[in-house]
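Handing you a structure now.
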Amino acid sequence: MITAAAEERDYLHESYGIKSWLLTKDHKRIGLLYLHTITFFFFLGGIFATLIRVELLTPRGDLVTSDTYNKLFTLHGVMMIFFFMIPSIPASLGNFFLPIMIGAKDLAFPRINLLSWYLLLIGGCLAIYAMLAGGVDTGWTFYTPYSTSYSNGYVIATGLGIFIAGFSSILTGLNFIVTVHRMRAPGMTWFRLPLFVWSNYATALIQVLGTPVIAITMVLLVCERVLHIGIFDPARGGDPVLFQHLFWFYSHPAVYIMVLPGMGVISELISTFSRKPVFGYKFVAFSSVAIAVLGFLVWGHHMFVSGQSVYAALVFSFLSYFVAIPSAIKVFNWTATLYKGSISYATPMLYAFGFIGLFTIGGLTGLFVASLGVDVHVHDTYFVIAHFHYIMVGGTMMAYLGGLHYWWPKMTGRMYPEGFAKLSALTIFLGFNLTFFPQFILGYLGMPRRYHNYPDEFQVLHVMSTAGASVLAVGYLMPLIYFMWSLRYGKIAGPNPWGATGLEWQTSSPPPAHNFDETPIVTHDAYDYAALEAAKVG
Amino acid sequence: MGSELPLFPVQASTVAASVDHLVYYLLAVAIFFSVGIFLSIFYFAVRYRRRSEFEVPANVHGGMTLEIAWTVIPFGLTMIMFVWGASTFFRMSRPPDDAPQVYVIGKQWMWKMQHMEGQREINELHLPLGQAVKLTMTSEDVIHDFFVPAFRTKADVLPGRYTTTWFQPTKPGKYHLFCSQYCGTNHSQMIGWIYVMEPQDYQAWLSGGTGGSLASSGEKLFQDLACANCHHLNDQGRCPNLRNLYGSQVSLTDGTHVLFDEGYIRESILNPSAKIVAGYQPIMPTFQGLVTEENVLQLIEYIKTLTPKPGPQPAGAGKSAQSKKLSKQ
Amino acid sequence: MQEHADSIKTYTLVFVALLGLTAATTLVATIDLGPLNVVMALAIATVKMLLVALFFMHLRHSTILTKVVVGGGMLWLAILLVLSLSDFVTRGWLPVPGK
Amino acid sequence: MDSHTETLALREQFETPAQQKEASTLGMWIFLVTEVMFFGGLFLAYTIYRKEFAGAFAVASNTLDVVIGAVNTAVLLCSSYTMVLAVRAAQMGSRRALIVFLILTMVFGGVFLGVKAYEWNQKFEEHHVPGPSFHLDKTTEQGPAQLFFSLYFTMTGLHALHMVVGMGIMLTLLLHAYAGRYTPEYYTPVDVGGLYWHFVDIIWIFLFPLLYLIGRHYH
């Protein structure tokens, strides 16, 4: 804890006691509540991941039974996707920084913001109840009719948990959209917004437009399971493929809910640590919105072998390539931003480098799975697993950690130990690649997903992957330790340790309860280092 | 396979090679761009590293030419991927007209295969080398998926309807069959082997089988279930004459048409009033629960024999080219 | 802040129109128009929706942003329906079971 | 707690009352868009199965009582009418009219729900509820007919649930109106609550023809 010497009362010391946190309407405190919650869910999901990897060391299922294994990968998916990845950056870092970055005192609806956190918590508790009561074994995709008629797991509790967490996500998105439209400080025009705000805005669009569809899908799933209403039941004329359409209508865009905020973080990091405006600002900004919109047109590429008509497959494959373009634009623009910059190797920047590299691999392998002929072979194999982990872990997780390191001094007022942080970034990068790169090969060789036992010839690659996972686990534990250490022993950070331009760096660290002593007036574009320098000199 | 670590699975079907060729192209593009990005980042990071704490580089805001270039060029490259991938996919989706059929039924957690000649196999499928084979598949419970990596082929197997896949083996050997759609506890044990045999070995294997062909079992069922009481094999019955119908377009009471294929036959047995042939009454009872998926397949195979094979002449039957109208005068 | 008040007369006229359209759609449904029955039912429902949205919900006085939000919602509903139907409508075009 | 003056109720995160009103209205419209997508999933399922099983759906639809459906539609439209008058009363600063119209809105909403409950009850008595005892005359397609009723119950059920939530909102507005919280300068909650109520009405405007009227022209 920071000593009482702080002159001004910052948001951490504005009031005290557990009640002042649980009933807070301060977006910064709610951001921290989210941060703790999702960290818990991350490590919970991580434990499942570890068990999965240990089980897969040998071709025979000798550590846990098949049923347990199936529950492990289901819970890993459910925890990581619905309770960690989706809320991760927007609800924690976004919540904390989006209002500050646009010069607002708070989000438009602070009470709804707090409600969102409680909804996530309730949803998470339901999922944990399902886990403790006996688990759920449908896979995070809940495909019917397995989930409705055959599974013995706690599908209903998990489904309701996701339903409720979905409302948390919807309300966060709604709050962000209204805030960006109505709460910007004077002079903060759309094209002066930091790119982190743009990408969170685009994310919010997806949350608002997509999440209701997974909500109704979960309602139908639960109704089907409880009341046997037959909506997806072939025996009554229902169509299980309809479930897949409804599911992926949300769950494909959900991938962009997870990665877009990460892209926003990377734009901030690249700019700050090269001391230059992001190359092609408008292209990067609009590509976020383009990804959000185009992301809704491609869901059928998860269903190329599902019994969907070949013509629909054709349409979805074609559209899928359109969404590749804005992602490529971002990568090229970030790389170009480095050109003639003043590049610092601070820890957040290392994560940014890691993100660009891994996201590039993840994105390019996405072209493989979007290609109809190739997807038939690699669909539902480890190739797909490797692909989306390169996006989710190599992408979002890297960006999340990068962002956390970048804004940690602002949130807590303290610096973390730089050497330790660099070591952890390196460990995570190496561990990640060792874990997931072999899975591309495994997948192409034909190793199917969700297999408890596997043929002997795949063992070598699985062992490599498990070895990587243990490195990765160590890498993830390190920040947990040194971040806690820094709260007490870290160097005092000062308002702007990185020399960055954003509004969040113009206020004190940690920020005061209402973010700014007086409403800021914005006169420059985002990332305008030259103007900042000129002002300093003048 | 053995001890060395292969990077590519065996190519054992006609499609496998073309999928791999497309993958080489994709790999080339992927390697080109990722290496390009890695090298640029590395070079910039070293060349423009921060030399003093206070340096502020000049603003560079962007360049339209560059933006257009790196939008248009990747788009062109991806369109090649799309067209190439789609044409491969269409080849995979359309079995050759003359391909013999094997029926596959998936259930938790086994594969049941039925050859037209009557042989049945569990978790194994014997195939002759060089012969294109079409699989018509359904599931008795949840969704499964028929995946043969060596053939680069995969198709979901759904309850309540038929799906199709096909392949033409090009290399004798023993290949993995996996279920690749998660289907419950023993999903990872819903595996089997595909044996590709020299044609003469295959014939020998076939003749080792017992029991009648699928069609003859179906004929017996057709009598036992009293189908023939209404479906006379002339035009006198209360129900449509099933001769010469397979593969043709049939007009329905609501004025639409439907292709008389496996799916329609199946639906008509299990849910007879869904699509009534024009000129007939919905009098047929459902056989849901009275017949198993296997029985349905036998009946289908029998009904198919009521339509003579087109023989060597081109423009194969079974396609819309041969459109017959059926209605009672 | 009371910029959106329409007169009671306007609201009443809209209300009467809505009742009339309800009667109309019920009657039209009993006449056999072939495929046009569906079109008529949806057309009348859409007109009713527009009346409620434009007058009762004051959409015609609303900001452009609000109109964009409403239009976006409709567009996304259309995306959901049209792209899903691109599967269900084209099934069976290729004369191969399950394609 | 929010520091608001009694009349303006300006929350601290906003600079001006206009900003607050715009934010609340925009928030509600966005929420309504999420509702559109929520019901959109049901409309998709309906469209697909209706296309697939047109005959069974028509037969099943004809068993619904079209007169009750039409009258209930009219009842709901009445409630929308009184709602818009309530908003107008709030704009004009007429507390009494506001209270009267809010009560009327709730009465019409209550009648609608009552009629709905009666209809549901009828379905149970006629064995038109999907399940083991389901039976529908005049069709051999019992499966697809059940699908129709599954959709009927899900759609009308979720609609009724939204009505119940709407009634709760009306009650809150009524209590606040009674306490004199609303003025011509500050009546945003009435306005925003009205938006919700009208939206629920619009959903029913579509449910009525889709559920009650699809088979009336063939007998």
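We call the chains A, B, C and D, going by the order they appear; numbering starts again at 1 in every chain.
FYI, a contact is a pair of C-beta atoms (placed from the backbone, for glycine too) under 8 Å apart; a residue touches a chain by one contact, two chains touch by 3 or more.
Just so we're clear, the structure is a prediction, and the values are computed from it rather than from any experiment.
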item: Identifier of the chain whose CA centre is least distant from the whole-structure CA centre; value: A
item: Top chain pair, ranked by how many C-beta pairs fall in contact; value: A-B
item: Geometric centre distance via CA averages, chain C-chain B, whole Å; value: 40
item: CA centroid of chain B to CA centroid of chain D, Å; value: 45
item: Chain centre separation in whole Å, for chain D relative to chain C (CA means); value: 15
item: Gap in Å, rounded to a whole number, between the CA centres of chain B and chain A; value: 36
item: Chain B residues counted as touching two or more neighbouring chains; value: 93, 155, 158, 161, 163, 271
item: Residues of chain C touching at least two other chains; value: 65, 72-73, 76, 80, 84, 88, 92, 94, 98-99
item: Multi-chain contact sites of chain D, meaning residues that touch two or more partners; value: 22, 26, 30, 33, 36-37, 40-41, 44, 48, 52-53, 141, 143-144
item: Category of the chain touch graph - line, ring, star, complete, other; value: complete
item: Contacting residues of chain A [partner chain C, same complex]; value: 181, 209, 213, 241-242, 245, 249, 296-297, 299-300, 303, 307-312, 315-316
item: Chain D residues within the chain C interface of the complex; value: 17-18, 21-22, 25-26, 29-30, 32-33, 36-37, 40-41, 43-44, 47-48, 51-52, 66, 70, 73-74, 77-78, 80-81, 83-85, 88, 91-92, 184-186, 194-195, 198-199, 201-202, 205-206, 208-210, 213-214, 216-218
item: Chain B-facing residues of chain D, complex; value: 53-55, 139-141, 143-144
item: Touching residues (chain side chain B, partner chain C) in the complex; value: 93-95, 136-137, 155, 158, 161-164, 259, 261-263, 318-320
item: Complex contact set, residues of chain B against chain D; value: 254, 271-274, 282, 285-286
